[in-house]
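What follows is a pair of complexes built around chain A, which joins chain B in one and chain C in the other.
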Partner chain A sequence: MQIRPILAALRRHKAGTILIALQIALTLAIVCNALFIVHERVERVRRTTGMNEANVIAVQNLYVGSPGTYLPLMKTDLQALRSMPGVEDAYVTNSFPLRRGGWSTTAQRNADDGKNGVQSALYFGDEHALATLGVKLIAGRNFTPGEITSFTRDQQPAPPQVIVTKAFADKMFPDGNALGKTVYYIKGRPSTIIGIVEKLTVPWIDTDFIDNVTIMPLLFDSSYQHFVLRTKPGQQDAVFKSVASTLYGVNRMRVLPEKNGVRTFGMVRSAAYEADRGMAVLMSIVCGVLLAITAAGIVGLSSFWVGQRRKQIGVRRALGARKSDILGYFMTENFLIALAGVVVGVILALGMNQWMLTQFEMQRLSFTYVLVGVVVLLGLGQAAVFAPALRASRVSPVEATRSV
Partner chain B sequence: MFSYYLQLGLRSLRRNPMLTALMVMAIGFGVAASMTTYSVFRATSRDPIPQKSDVLYNVQLDNWGPENTKEGEPPPALSYKDATALLRAHKAKRQTVTYPIGVSVIPEDPSRLPVRQGAYATGADFFPMFDVPFLQGRAWSLDDDEKHADVAVISKSLNDKLFNGGQSVGKQINLDGHLFRITGVIEDWAPQPLFFDVPNTSGFDEGASVYVPFNRAVDLRLPNNGNNNCVKDPGEGWDNYLRSECIWLSLWTELPSKSEAQSYREYLSGYAAEMQRSGRFSWAPNVRLRNVMDWLSVQKVVPRESQVSLLVSLGFLVICLVNTIGLLLAKFMRRAPEIGVRRALGASRLDIYAQFLIEAGTIGIAGGVLGLLLTGLGVLGVGLVFPEDIARLATLDPTLMLLTLVVAITASVVAAFYPTWRAAQVQPAWQLKSN
Partner chain C sequence: MLKMTHLAKVYRTEVVETYALRDFNIDVKEGEFVAVTGPSGSGKTTFLTIAGLLETFTGGHYHLDGVEVSQLDDNARSRIRNEKIGFIFQAFNLIPDLNVFDNVEVPLRYRGMKAAERKQRIMDALERVGLASRAKHYPAELSGGQQQRVAIARALAGSPRLLLADEPTGNLDTQMARGVMELLEEIHREGATIVMVTHDPELAARAQRNVHVIDGQVVDLAEEPRFHAHAHTAHS
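== the complex of A and B ==
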C-alpha cells in the first residue's frame, strides 16, 4: 500500500482531515478520563466490608424522653428482637460499616506517647456482635457475657478488652503478635487485644483508615442506638416487615425514622455508594454517546469524500486498480488520520488527567486505559469508514468517462 | 430574503435527511448533556441568600494551632469558650451561634407516636439575620435568650403535623420531655446550600423544623447532633466539654458595611492576640471573617461529582461541535456548483454567508428543541446519578430552557462559521467551467 499518494491527497483536504483528527483526539481524551472515573468508582463500590452482608437488617432507634438510663430499654429490646421468629442473632451498637456516621479515635501503643497513634473506628457491641455481622475471628477469642459493660455520654469508652481488625493490629504492631498486647484509646486507660478479626471496615467510605476498626464490649447508654439483626436465610423480608411493630410493641416511646429507620444491608450499601454509582453510570453514558457520535461523524465525512472523489476512483479503477485497492486506500487513509488523532489525544488525555489530579484529587490515569482508548478509537475509525470505503470500491470504472 | 433563505435551508436539509439528523442529534445530545449537568452545578453553586450574602459573615478563630490545622486554615467551627466570649462582646449589629440538636417531639395525643425532628439551638438574632419568613407569631426576643427561656420556633410542616395547621403561638411543644412555648411558626425554610451549617450538612439538607434558644439548650445539655472535633481529650462530663478546645459551634455575624466588617476583623484579631498574651494560644492570631459566598467556596460546597460531570459534558459539547463543523463542511462544499451558479447570477459573498448561516441556524433550532427534550429527561433522571439531597435541587425552569435553546443555536451558528467562509470562497468561474 502506497502511503505517499494518500498523504498527498490529504494535503488537499486539510480542513476535513484536521477536523476528524481533532474529533478523535478530543474523544480519546474524554473517553480515557471518563472510563477511568468509571473504573475508580466501580472499584470503590466493589470494596467488601468483611461482613457476611446477606440477611442483615439495620434498625435506627431513638428513645424518647429522659429515663436516666437507657440500658434496661436496650436490653428488653434486644431480648424481643432475638426472640423474633426468623431472627438468628442481634446486637445493639453505635455504628456499623457503610453507615457513614460514627466514632473514631487515635489509639496509642504507650500510656504516655501522644504522637504516632493509629486511627481506628470504634464499634460498641456485646458477645453477639461478631456472629451477627458474620465477621471471621482469625485469632484469640470472642467477648464473654461477663465482659460487657456500659458507659454514658459523660464517660469515655475504654474497656479492658477489645477485638480489633487485622489491618489495625498490623499497623499498631508491625512485628506481629498483636494478640494480648495493650493499646490505649484514652490516655492512661489500657485495653488488651483479646481477638483479631480478618476484616471489617469503618462506617465511612472516604477515609484513609478504612480497615482500622476496634470492637469494644460496651453498651453506649444513650437515646440513639442501632440494632443490627441477622435473619435466618429466606426470612429477611418477613423480619424486615415486622421488626418495627415488634419494637413499638415493646415500647412506644421511641422513634424509628420514616426514612432509613429500618434498612436491609443492601439498602445501606446502595445508599452509601449512591454518588459513586451515579457517577459511573453518567460517565458510561457519556462515553457511549460520545463514541457513537464520533463514529457517525467519521461515516458522514468519509461518505462525503467518497462522493467527491467518485471520478478519481473511476479513473483509478479504469487504470487497473482492483476493488480491494480502493477499499484499502480509504481504510489506510482513515487509519493515518486516526493515528494522528490518537497521538494528540494521548497527550490531551494525560494533560486533562494531570489537571483533574490537582483539582479533584483523582488518581493518576493508568496507562492501560490510555492504551485501551487508543485501540478502541483506531478500531472505531476503521469500522466507521468501512461502509463508505466499500461503497467507494463499488464505483464503476465507467464513472471516469462521464463528464458530469 | 430571510424567509427565502430559510426555505432554501429547509429544502437542503431535507435533501440529506441522514446527515441532517446526525447534526441535529450531535447538537441536541451535546447541549442536553451540558445543560443537565449545568442544572446541577447551578443548584449547588447558587447564592442561598442573595439579598444579604455580602453582609453575613462566618467567624473562624484558630484555637488549635498550626500543628493541628491544615495550611493555616482555622477550624471550621468554634469552641464554646470562644463562641460565647465573642457573643458577649456584642461587636456586631446582629450575631448568632448555632449547633444542630436532634429532638423527638412527643405529641399531646398519647395515641400518636413520637417523631424525630431536625433542630437547631440558636439565638434570637438568627431569624432577622437570615430573613426567615414567619407565618405566625415572631421570633423569641433577645430578652428570652438572656433569661434562658423555654421558647421555640417551629416550621409549618411540624405545625401541620402537631396542630393540624392551626394557630399554635403560645401553645406548648414537648421536646424529649421538656416543654417549650411556641413563639412563632416559620415556613419550611431551608436555603440551599444550607450556608449557616455547612460543616454538619456539607451544604445540602432538608433543614430543621424546631429552633430553641442556645442558652437553654446548653442548660439542658442537649447534645450536639453534628460533628464534634477535639484535638485533645476534653475529659469527662458536660462542664469539661464546655471548657474544652473541642469545636462544634458556628458563629454568624451581620455587619452591614465594609468598615464594620473591617473593625470586627480587627476586634477578632485583638481577641486572639489577647488569648496569646494570656498563654492560651502559643501562636499568632489566625482568624477569618468570610461572607456567605466566600465561606461556601472555601468549604467546597459544590460536590466534586458536579464539577467533574459539568467539565466532561462541556468537553462532550465541544466534540459535538467539531463533529458538526465537519459535517457542515461536507454538506456545504458538496453544493459548490450551486454556490457558483448563485454567485455568477449576482449573489454577493454576504448573501452566501446569510444563506448558510440561516441554514445552520435552523439546525441549531432543531438541535435546541431536541436538546430541550433530552434536558427535560436528563433533569428527571438526575436522581439516578446524584444523591437525592442534590438531585431535588436541579430543575428545568424557563431560564434553563431559554439557555438550552440559545446555546444550541449559538453553537451551531459558531460551528457554521468556517464551513460558510469556505462556501463563500467558492470561485464562480471555476465551478461553471469544470461542470
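== the complex of A and C ==
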C-alpha cells in the first residue's frame, strides 16, 4: 500500500481534503442521529396495544338530549350493534388505546395515602369489554352483568371491582399477588382487583405509564360515548359501511362526526402515529439528501483531481503503474479522507446526541447506529469515487510525453 | 536490445489516416548510446513512445530485450516499463505533490520492492546524481537542472536495461544542459543502453550513433531527400 505518499500528497491539497472530510463528518453526525430518531419513531409506531387489533371498529357518538336520558339510549344502541350481521361483540366506553384522549388518575394502596401512588388510565366498560378488545385475561375473572353500574358527571368513578393490567398490578404491588387486593382510585372508596390482563395500553402515546390501565365496570351517563365493535373475520368492511346507518336507524338524535365518526382500528392507529410517521419520513429524506450531496461532493472533487492530475497519472503509468494501481490510488486516497471524516463524525455524532439528550429528552444514541453510519459513509465514499477512479485508470501512459 | 522491423504507426480518424511511422527499422545493441534526430513532426517522439511501450503500434515487429511486445497485455507492458525501461522526459515530469525521495520511489513501489531496499536504491540513485542532500525538497524548490537530475535518479533507481530520453535538455539552459549531458555520458560509460531523442545536432553528436528520422522513416543521411516538412498523409 502506498499510504504514506498519498498522505504526503494530500497534505499539499489541504483545502479540498479538509472540506470533503468535514462534509463526511457532518453527514455522519446528522445521519446517525437522524436514523436513530427514525428508529425511535418506527419503534413507537410498531408498539402494540395489547389488543387484537384486527377486525375492530370504533364509533364516536354524541347524543343530542339531556342528562339522565343517555343510559337507555346507550343500552338500545349496544343491543342494535351486537345484533348487526358480522358483529361478534361490542361495548360502550369513554376511551380506548391510541384514542389520544381519556381519563387517568393516581391509584393508592391505602385509604389515607395521599402522596404515593401509581398512575393509571381509566377505561369504562361492561362484561363485553375484554372480548371486544381482544385482550388476554391472565388472572382472576371478567366482570359479571350484575357488577355493571353507572355514574354521572357529578359522581366519581369508584366501583367495588376493577380489572387491571399486569404492568399496573406489578407497580402497585411489587411483591406480586395483586389479585384480590384493594386499590383506592378515590380517597376512601376501595376497589378490589378481580382480574389481571396481560397488556393494554393507555389512550395517549407520550406518557411514561403507557401500560398502566384500569378497566372499571361502569357506564358513564354522558352524551359523549365511544362504541367499540369486534367484527367477525372478513366482515369488517361490511360492518364499517353499515354501522352509521344502523345507529341512525335506532335513533337519529345523535351526531357521528364526518371525519372520525366511524373508524377501523387501523385508522385509529394511523391517526395516532401520523406525526411519528411524518418525522420518520422527513428524517429519512434528510438522510437521503445529505448522503446524495456528500456523494456528489466526492464525485465532484475526485473528478476535479483526476482532471488536474492527468499528466501525473500518465507519468505513473509510464513508470510502471498498472490500471489497477491507479484505481487503487484514488480509492485509497478517498478512503483515507473518508476515514478522517468518520473519525471526526463519530465524535460529532456523540456530541450532537449528548446535546439532544439534554434538550429534547432523546435516548442515548446506540453505538450500532454510529457503526452503521461509519460503514455507510465509507461505502458511499468508495462507491462515489469509483467512476472517477476508473476514468483515471484509463488515462494512457502516453499522456506523460504530452506537453500541457 | 531494441529492434524494430517494418514498424508502422497509423493514426486514423473518420476521414483521414496519418502515418506517423512507416516501414520503420532500427536496431539498438546493448550498451549503445543512440541519438534519434529529425525535424519536428518527423515521428521521433512517436518512435520513443512506442519504444517505451507507452503506445501500441499498427504493424511490424518490435523486440525489446528479446521479447516481442506486440501481443503483451496492458499489465505485462506496465511490468516491462517498470522493470526494463527508465524514462527521462523533456519536462522532467516529477510529481509536484511528492518530495524528491518520494518521486524517486514511485517506480520502485510499483515493483513491490521492500521498504529497506527501496530506501537503499533511492539514496544510491540520488548520490549518483549528486542530490542526496535534497531528498526532502519538493520539485518546485529545485532548479530545472536539479529537477532533471532527480528524474534521471528516478530512471536509474530501478536499474533499467534501457534508458529512453526525450529531449532531456530541451527545457534547460546551456550550462544545466551540459551538466545533464555529462551525466548521461557517464551513465553510458558505466554500461547503460541509452536512446535519446533530440533535434539538437550538437547533443546528437555526443552520442555513439545517430539515427535520422524523416517522414516517419529512418533515413541514411547521405541519401536524405529534401523538402520533407510533414509526415506523409494518405486519405482513405
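Methods note: the second predicted complex is superposed on the first by the 402 of 404 C-alpha atoms of A that agree within 3 Å, B and C clash if a C-alpha of one lies under 4 Å from a C-alpha of the other, contacts with A are read in each partner's own complex, and residues count from 1 in each chain.
Rule of thumb we're sticking to: contacts are C-beta pairs under 8 Å (C-beta built on N, C-alpha and C of every residue); 3 or more make two chains touch, one makes a residue touch a chain.
Just so you know, these numbers come straight off a predicted model, no measurement behind them.
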For A:F304, select first, second, both or neither according to whether it touches chain B, chain C, the two together, or no partner. first
Chain B versus chain C as contact partner of A:A29, first or second or both or neither: first
Using the touch criterion from the header, give the chain among chain B and chain C with more contacted residues in chain A. B
Is A:V45 contacted by the first partner chain B, the second partner chain C, both or neither? neither
Identify the partner contact of A:S66: answer first if only chain B is touched, second if only chain C is, both if each is, neither if none is. first
When the two structures are overlaid on chain A, which partner does A:G278 contact: first (chain B), second (chain C), both, or neither? first
Chain B versus chain C as contact partner of A:Q155, first or second or both or neither: first
I'd like to check the shared interface: which positions of chain A are touched by both chain B and chain C across the two complexes? none
Looking at the complex, which residues from chain A come into contact with chain C? 2, 5, 8-9, 12-13, 311-312, 315-323, 325, 396-398, 400-401, 403
So in the complex, which bits of chain C are touching chain A? 45, 48-49, 52-55, 74-75, 78-79, 81-83, 87, 89-91, 93, 95-99, 102, 105-107, 109-111, 154, 158, 166
Spell out the residues on chain B that touch chain A in their complex, using ranges where they run on. 18-19, 22, 25-26, 29, 33, 102, 104, 106, 113-116, 176-177, 223, 233, 236-238, 303-305, 307-309, 311-313, 315-316, 318-320, 322-323, 325-327, 329-331, 333-334, 384-388, 418, 422, 435
Complex interface listing, chain A residues touching chain B: 15-16, 19-20, 22-23, 26-27, 29-30, 33-34, 37, 62, 64-66, 153-156, 186-187, 223-224, 248, 252-255, 257, 274-275, 278-279, 281-283, 286, 289-290, 293-294, 296-297, 300-301, 303-305, 307-308, 356, 359-361, 404
